[in-house]
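The structures considered in this document are given below.
Each of the next two complexes has subunit A plus one more chain, namely subunit B in the first and subunit C in the second.
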Partner chain A sequence: MAQAQEASNSVRSERARGLQDAILVVLGILVVWQGLHWLAGDVAVSSPWATVSRLVELLLDPGFWPNVWETLYAFGLALLYALLGGLIIGVTLGGHRLSGEVAEPILVALYSIPKITLYPVILLLFGLGMSAKVAFGTIHGIIPVIIFTMNAVRNVAPVYLRTARALRMGPLSTGWRVLLPATVPEIVSGFRIGFALTLLGTLIGELFASQRGLGFMIIRSMERHDVPTLLAVSLLLFLFATLCSWALLIVDRRLNRRL
Partner chain B sequence: MSDSAALHASETARVEPQAHVEVQGITRVYPPVAGNPAVHALGPLDLTLRQGEFFSVVGPSGCGKSTLLDVVAGLAAPSEGTVRFEGKPVAGQVPEGIGVVFQEDASFPWLTVYDNVAFGLRRQGVNRGDLAARVDYAVEFMGLKDFARAYPAQLSGGMRQRVCIARTLVLKPRLLLLDEPFGALDQQTRLLMGDEVLRLWRETGATIMLITHALDEAAMLSDRVGVMSSRPGRFIEVLETGWPRERDSRIVSEEAFGRITSRLWSLLREESLAAIGGRGAKA
Partner chain C sequence: MPVWLIRLIVVFAAFGLLEIACRSGWIDAYTMPPPSLMLVYAWQVLASGRMTEDILLTLQNVGAAFVFAVVIGFLVGVLLHRWPRLRRAVDPLLASYYAVPVFIFYPLFIVIFGLNNWPLIAIGFLFAVVAMVINTLNGFDRVPRVFFKTARVQGFSRPAEVWFITLPAAAPYLFTGVKLCVAYAFIGVVAGEFILAGAGLGYEIAFAYNNFDNRTMYGLMVFLLVFVTVVNMALHVWERKLHARRSRGG
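Right, the complex of A and B next:
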């Protein structure tokens, strides 16, 4: 009992410290940002205050929201393709040893090449607009999901499968009740990286060839030299990515803590 | 074997209830793979397990002990020969009534101790009250009561092996196959786990076949010990220990224990040397 009390106290103090750290990091970023603003001036970096007030303005402007939806839609679709496709391909490759061994070096090579060089090809294939953005987001995100899923399936301890057979389980219930829970933690780690890279790919797609969306707004503000808008949109994306990443990290940790 | 012979064998099993498991002429040969020659891992080998006995199998490493267990369990098919459990042939899948505990930690890390133990039972459609009672009993029996809500990662290796035993025990197996379940544990824990298994054996009345490399464990736990030759494994002798049913790890201090262990070792020494020598010659 006393031990449990102590444990919960230590968890609480750890959480308090975590919060403290987070506040310190945010303060640090603000200080550096303000410093950069003083150094570079309004030409390149607007001040934190000017940026946040511009962001509030944008959020209150109904004309801004279609751009948000455009980006969210492209990102959501790309993420769906990357996660679902990656999961299916990863499970297949992980379950079939030869295919996995052939595919792995190819996947690792694909993972490390700068995919931006393929963007002209994507544009020629899909044309300007939604499809190209989605395709570019998907090819960024799908590869880590495949690699992580493949390894998760490969690394399932053979004794779990033997146990399932000893308990007279069929292939379906083995898949659902043994393979799936055994692989989920690693797959979620893959999703986390896939998420970040899909967002990256989608935004790169919007930056270079698009007529709508947040990436497009960033490039247009640069062309018009509207620094506060440029940074305000970037800040919004930064906050979105950080929040999602943080949520996924919590899920990830919770799942992996048991292993 | 002809159909009429198979029928005959099952009938003798029915007439003679003591024969719980009958293994006849089984071999296991691994076919040649990628230029490596075929490996004759096991047999031909016969074995009859009596209803409710504690039978241990010892043998030099690589002699096919675990392969024998896999074949008896129905986890692997023999290349030749037949296995019968309660008169029915074991073919292709693990029959109802057989429980297996492996050497490796097979507790599921994503489930609590309680849910691990309940795992097999939940699939059988046992009603809720019954399920809780049986799981509680198995958890308590294996000394896991205080850890029911813990995850396996929070437990020691010995405790996790208890979880695996409890998960099998809860299904009330009539034949329990243990594949070196204490192989990874330290000596003291192994002796204590031996006591647990003896208690479990007495209380459930199940037939137990234990695969082990520890001669003292075999000598202490078993009614009979089968000593296997080096590969391809066959029984070179089956030893009766003559222990009373009520026994525990304290029998290690008895004179008979020393006699049995040294008999096992004198049988195994040459086989083990042969196994090592064979390996040395290859290198």
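Right, the complex of A and C next:
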């Protein structure tokens, strides 16, 4: 009893310290930011306060929201394609040993080329607009999903599959009840990286090939030298990306610990 | 049939299909010339020598970004490893770092450094450095505890322990970081050149695209992609060898 009490106390103090550390990190970032502002002046870095108030102004401006929805829509679509496509291709390659071995270095090579070089080709193929953005986001995000899914399926212990066969489970129920639960933790790790890269790809697509969206706002405020807007939009993206990625990380860690 | 041969056939078949699609007019010649012609364009652009300066400039910037990223990333990794509390605090930042498109800071660098090579180096550095930090931490985490016990039994001094045990045992993971730094430095620098620069490979590709100069555009693009792929694959093969040796050696 006393021991349990002590353990829960130590968990609580650990949590309190974690919170304290997080606050310190945020404060540290703000201090560095403010310092950069003093160092470089208003032309380069608007102060944290000016940026946040600009962001609030943007969020209250009804003209801002169509840009947010545009980006979210493109990103959501690209993410859907990257995840579904990556899952299907990954399971196929992982299920067949030889094709997996043949494909892996090709995938690694594709993963590490600067895909931004391909943007003229994407524009020529898809034209300006939504489809080019979605295509750009998808090609960035799909490869890590394929790689992680493939490795996850490949590493499923053969005894699971033999048991499924012994129990006379069909391929569908094997996939749903055995393969999926066994591979979910690794696939979630792949999704996490795929999520980040899809966002990156979609935004790059918007920088070059769009008349709307947050990426377009970034490039426009770059051209107009509107630093507060540039930083406010960047801050919004940073917060969105960090929060989503953090949530995925928690899911990821919980799933990986369970095994 | 060995796996590498099948792989070669698959790659060639993919390009063959693309070639057929282009030659038969399914993809029109303006959108994409057949791959064989792209190679010819690449050769022409390189042989003409008018891009040599841009290529060297890009390589130089990538090199600088790479060196900074490896050195600073390694040092930060060591610092975080020695100081677990700081590490726990910045861990969420490290984990979500690559979800933030670093390119959005590029215009800031231009204002801070001026329109010269430094903003490009800074963006390549920022893109690469965290991969080095993460892999340095990963490498140090995975040094088996028994090695340190052995070192203590043998009466190693602290520097000797780092030099003879920690570094060699972590080396394969450090190498993974180095490999990623090469790829990311390339991506960062070339992307920066695309967005805003006055010279360099990315700039020349964007310039050719804006001027409907498909020959130069595809020629440079093929050159860049082939070059980066060859470098990355060489590093990848080397990395696999290092990891294989480590797992064999225990």
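Everything below uses one rule, namely that the second predicted complex is superposed on the first by the 244 of 259 C-alpha atoms of A that agree within 3 Å, B and C clash if a C-alpha of one lies under 4 Å from a C-alpha of the other, contacts with A are read in each partner's own complex, and residues count from 1 in each chain.
Simple rule for what comes next: a contact is a pair of C-beta atoms (placed from the backbone, for glycine too) under 8 Å apart; a residue touches a chain by one contact, two chains touch by 3 or more.
In this text, all values refer to a predicted model and were calculated from it rather than measured experimentally.
Novice: In the superposition on subunit A, see if there is space for subunit B and subunit C together, and answer fit or clash.
Specialist: fit
Novice: Considering only the touch criterion stated at the top, classify A:Ala166 as touching first (subunit B), second (subunit C), both, or neither.
Specialist: Touch partner of A:Ala166: subunit B, not subunit C.
Novice: Which partner chains sit in contact with A:Pro66 here, subunit B, subunit C, both or neither? Use first/second/both/neither.
Specialist: So A:Pro66 meets neither subunit B nor subunit C here.
Novice: Which chain, subunit B or subunit C, is in touch with more residues of subunit A?
Specialist: Of the two chains, more subunit A residues are contacted by C.
Novice: If you stack the two complexes on chain A, which partner ends up touching A:Leu230: first (subunit B), second (subunit C), both, or neither?
Specialist: The second partner, subunit C, only.
Novice: Quick one: is A:Thr242 in contact with subunit B, with subunit C, with both, or with neither? Answer first, second, both or neither.
Specialist: A:Thr242 sits against subunit C, while subunit B stays out of touch.
Novice: Which partner does A:Ala157 reach: the first (subunit B), the second (subunit C), both, or neither?
Specialist: first
Novice: Can you pull out the angle centred on subunit A between the C-alpha centres of subunit B and subunit C, to the nearest 10°?
Specialist: Between subunit B and subunit C, as viewed from subunit A: 90 degrees.
Novice: Can you report the least C-alpha distance between subunit B and subunit C in the superposed arrangement, rounded to whole Å?
Specialist: In this superposition, no C-alpha atom of subunit B lies closer than 9 Å to one of subunit C.
Novice: Which parts of subunit A are touched by subunit B and by subunit C alike?
Specialist: none
Novice: For the complex, which residues does subunit A have touching subunit C?
Specialist: Touching subunit C from subunit A are residues 18, 21-22, 24-25, 40, 43-45, 98, 101-103, 105-106, 108-109, 112-121, 123-125, 193, 195-197, 199-200, 203-204, 207-208, 218-219, 222, 227, 230-231, 233-234, 237-238, 241-242, 244-246, 249.
Novice: Which residues of subunit B touch subunit A once you look at their complex with the stated criterion?
Specialist: 73, 75, 93-94, 96, 98-100, 102, 104-106, 108-111, 119-120, 123, 151-153, 168, 171
Novice: Name, in rising order, each residue of subunit A that touches subunit B in their complex.
Specialist: Listed in rising order, the residues of subunit A that touch subunit B are 157, 159-160, 162-163, 165-169, 173, 177-178, 181-182, 184, 255, 257-259.
Novice: Would you pull the subunit C residues touching subunit A in the complex into a rising list?
Specialist: By the definition above, subunit C touches subunit A via 3, 6-7, 10-11, 27, 30-32, 85, 88-90, 92-93, 95-96, 98-101, 103-105, 107-108, 111-112, 180, 183, 186-187, 190-191, 194-196, 202, 205-206, 209, 217, 221, 224-225, 228-229, 232-233, 236.
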